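Dropping the structure in here first, questions after.
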Amino acid sequence: MTADSDSPQAPARKVRPRKGGLWPWLHRMGAPATFFAASQRWLPWLWALAIMALVAGSVWGLAFAPADYQQGNSFRIIYVHVPAAILAQSCFMLLAVCALIFLVWKIKLADMVATAAAPVGALMTALALFSGSVWGIPTWGTWWIWDARLTSMLIQLFLYLGVIVLRGSFASRDSGSRAASILALVGMVNIPIIKYSVDWWSTLHQPATFTLSEAPPMPASMWIPLLMMVIGFYALFGALVLMRTRVEVLRRESRKQWVRDLLSPSSRARPDAAVVATEGDKS
Amino acid sequence: MPSQPASDEVRSAPPLLAVVALGCERDERWLFEGLDLSLHAGEILQVEGPNGSGKTTLLKILSGQFHDYEGEVLWRGQPTSRVRDDFLGSLLYLGHQPGIKGTLTALENLAWYQALGGQPQAKVEARRELAWAALDAVGLAGFEDMPAQQLSAGQQRRIALARLHLTPRRLWVLDEPFTAIDRDGVQALEALLLAHAQRGGSVVMTTHHRFSQASRLRRLCLGAKEGEKAEQGSEQGSEQGVGGKDTASTQGASA
Amino acid sequence: MNHELLTALPEAPPTSSLAGAFKATLARDLRQALRRRSELINPLVFFALVITLFPLGISPDKALLATLAPGLLWVAALLATLLSLDGLFRQDLEDGSLEQLLLTPQPLPLLVLAKVAGHWLLTGLPLALMAPLLGVMLGLPSGAFGVLIASLALGSMSLSLIGAIGAALTVGLRRGGVLLSLIILPLYIPVLIFGAGAVQSAVNGMPSLAHLAILGAMLALALLLAPLAIAAGLRLSING
């Protein structure tokens, strides 16, 4: 009983605005209207970061980084493959976290983010698969090899497709959201099991000489551009998901007053209209 | 939330089932909003409304099957989620489908429900006897050992209705219980519902059936207009429309 | 109809036993299946048919088939299980007994275990027992039969549990069958790897206890988590 807010006389409401921190902030952001207004401010920064990191990283990685002593120039595809593969895994984690938030706390925005993120994650997985198989030509002399990394990636693509298709199969969007959330959580539990099973299976059948993931220790001139590419991919992913989430918010809330206010001609001129509408809507 | 009821009166008789500011939004469309109602022991609540007004959804919420709602559903003054076992143990729900397996006989179908619902009689023989008597009560004596798929739709519904006789449950939630029942059956079911109310039980049901005798009857009209609702309570049954069978006249009466 | 049976209402609802409800649900499913025997043998016939396709599609060469046998048997058994899953909850949903199951005071995750156990007894176990017969046709060494039965019996329990998640999620959809395969097959991969691996190492004359132990561990995990997902899936499916 040390904090003021614990005393029975002090109304909790008065204390709340002074408390900063992540949790109240997240709580405010859970309201679609607030999120819509705030994300508009975040987007330019994300795009700027994405473009800068991607341009700098790819110019450095493709033109200036030294060639690998074993694989020559073909190793440079890691500047696309590794970030895409990392994103593919992160995005599924995001789906699972959103699913948990949606199922437990019933925050619809989390589901909107998951809806927006799933196709982007599937795209990243496909990109990782494609770049991996392109890398296979100079390395293994074939487009496809049942390498552990590529196989798990393929299975992950199927998991993404399952979540996306399941969501779309329900006549009621709410049911589709719940179903996709449950499947995302089930998939998240399974991903490590699948990954270790496939790794084990792969070592049993063909000890691979090269893998893209476990590259030998790299000099800084190789991994710094890689790091930049990873940051760039994350920023690009964030920007894409944010944009898609904003569209999803508008689509789902199209009957709400704040969206109508936003879209009416008189308020279109003012960028802060959404913020104003939020206060009115949330009463 | 006050843990202590304000007065003795409230403490002695909280409504059996109460709904506070209930709202249900499905796919960004409000089926109903701000619904308040309380059902005391011995009352029958008849939920009416045009197709798509959310009658079945309301019944699913009241029977604890559907959880995506705002507001609260209280069982004897406590949120149903907190007294789930007590609530579900006192509830008997009959939905659109009778819940009867075609390959099983009437007795076998009832035996499953007896096992699920905790028939106090542990002895198999005693349970069988009870199930047999319940089937007799709905006019299915002689059909008890026939696979249900060989019976008519109405007879299959009667097997489901036999459950009303089978286990003493305080709250009955019935979705269109008069469907596929013949005229004699309708009268008997009506008498059964009133007898249940008389012994202190409660009923919530959707039906367009008009009760011939309307004591203990209350009516709730959903979706009379877009976004509007009207509750109608009539202890004396003054609002019963004997001739009015369609929903239009019901709405007219409630407006 | 008369209402002489209406006894006084008890103050407290009758207590019901979980074991009784579990047993009754399992017995009900088994009894129903025994009365519709033609549906019971569908997965078995499918299993045999798929195995027949492989020699015709690949080669009747005995040595080649013997090498492929562990994988072929496992893949075919897995597909047969998958095929039977679509009907696991569908009838219950259509005749309304699923909502009654959901309305019992007993914990739903444990009650759905009765449904899953019934499914395994009616498909997984018969498939496992039938597998050696098809193994003979593929030239599988007879020394591996024991491990084949054990791995299929153990693995198909996990398959039933994981598959029931998909069945619960898609039961409300009109054409859930194809979708069910799409969402469930990726989750089956670990079971397939270790199940077929067990038989393979038995064929190679190596101990396969480690594989079976891993299958057992997967089963333990599935037993722990799958019922929760199945229950959640059913709760959303009854509301369309």
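Note that the chains take the letters A, B and C in the order they are written out, and that residue 1 is the start of every chain.
Criterion: contacts are C-beta pairs under 8 Å (C-beta built on N, C-alpha and C of every residue); 3 or more make two chains touch, one makes a residue touch a chain.
Note that the coordinates shown come from a computational prediction; the quantities given were computed from them, not determined experimentally.
Closest chain to the protein CA centroid?
C
Please tell me whether A-C or B-C has the greater number of C-beta pairs in contact.
Here the pair linked by more C-beta pairs in contact is B-C.
Counting only Cα atoms for the centres, state how far chain A is from chain B in Å.
Taking the average C-alpha coordinate of chain A and of chain B, the gap between them is 47 Å.
Would you kindly tell me how far, in whole Å, the mean C-alpha position of chain C lies from that of chain B?
That pair's centroid distance is 36 Å.
Which positions in chain B touch two or more other chains at once?
None at all.
Please set out, as single numbers or ranges, the residues of chain C touching at least two other chains.
Counting only residues that touch two or more other chains, chain C contributes 239.
Which chain A residues touch at least two other chains?
Chain A, residues with two or more chain partners: 172.
Contact residues on chain C for chain A in the complex?
Residues of chain C touching chain A: 165, 169-170, 172-173, 176, 179, 182-183, 185-187, 189-190, 193-194, 197, 218, 221, 225, 229, 232-233, 236-237, 239-240.
Show me the residue ranges of chain B that touch chain C in the complex, using the header's touch definition.
Residues in contact with chain C: 60, 63-67, 84-86, 88-91, 93, 95-104, 108, 111-120, 133-134, 137-139, 147, 161, 165-170, 184-185, 188-189, 191-192, 195-196, 199-201.
If we count contacts the way the header does, which residues on chain B are in touch with chain A in the complex?
26-29, 68
Which bits of chain A are touching chain C when the two form their complex?
103, 155, 158-159, 161-163, 165-166, 169-172, 175, 178-179, 182-183, 185-187, 189-190, 193-194, 197-198, 200-201, 204
Where on chain A does chain B make contact in their complex?
Contact set of chain A toward chain B: 106, 172-174, 252-255.
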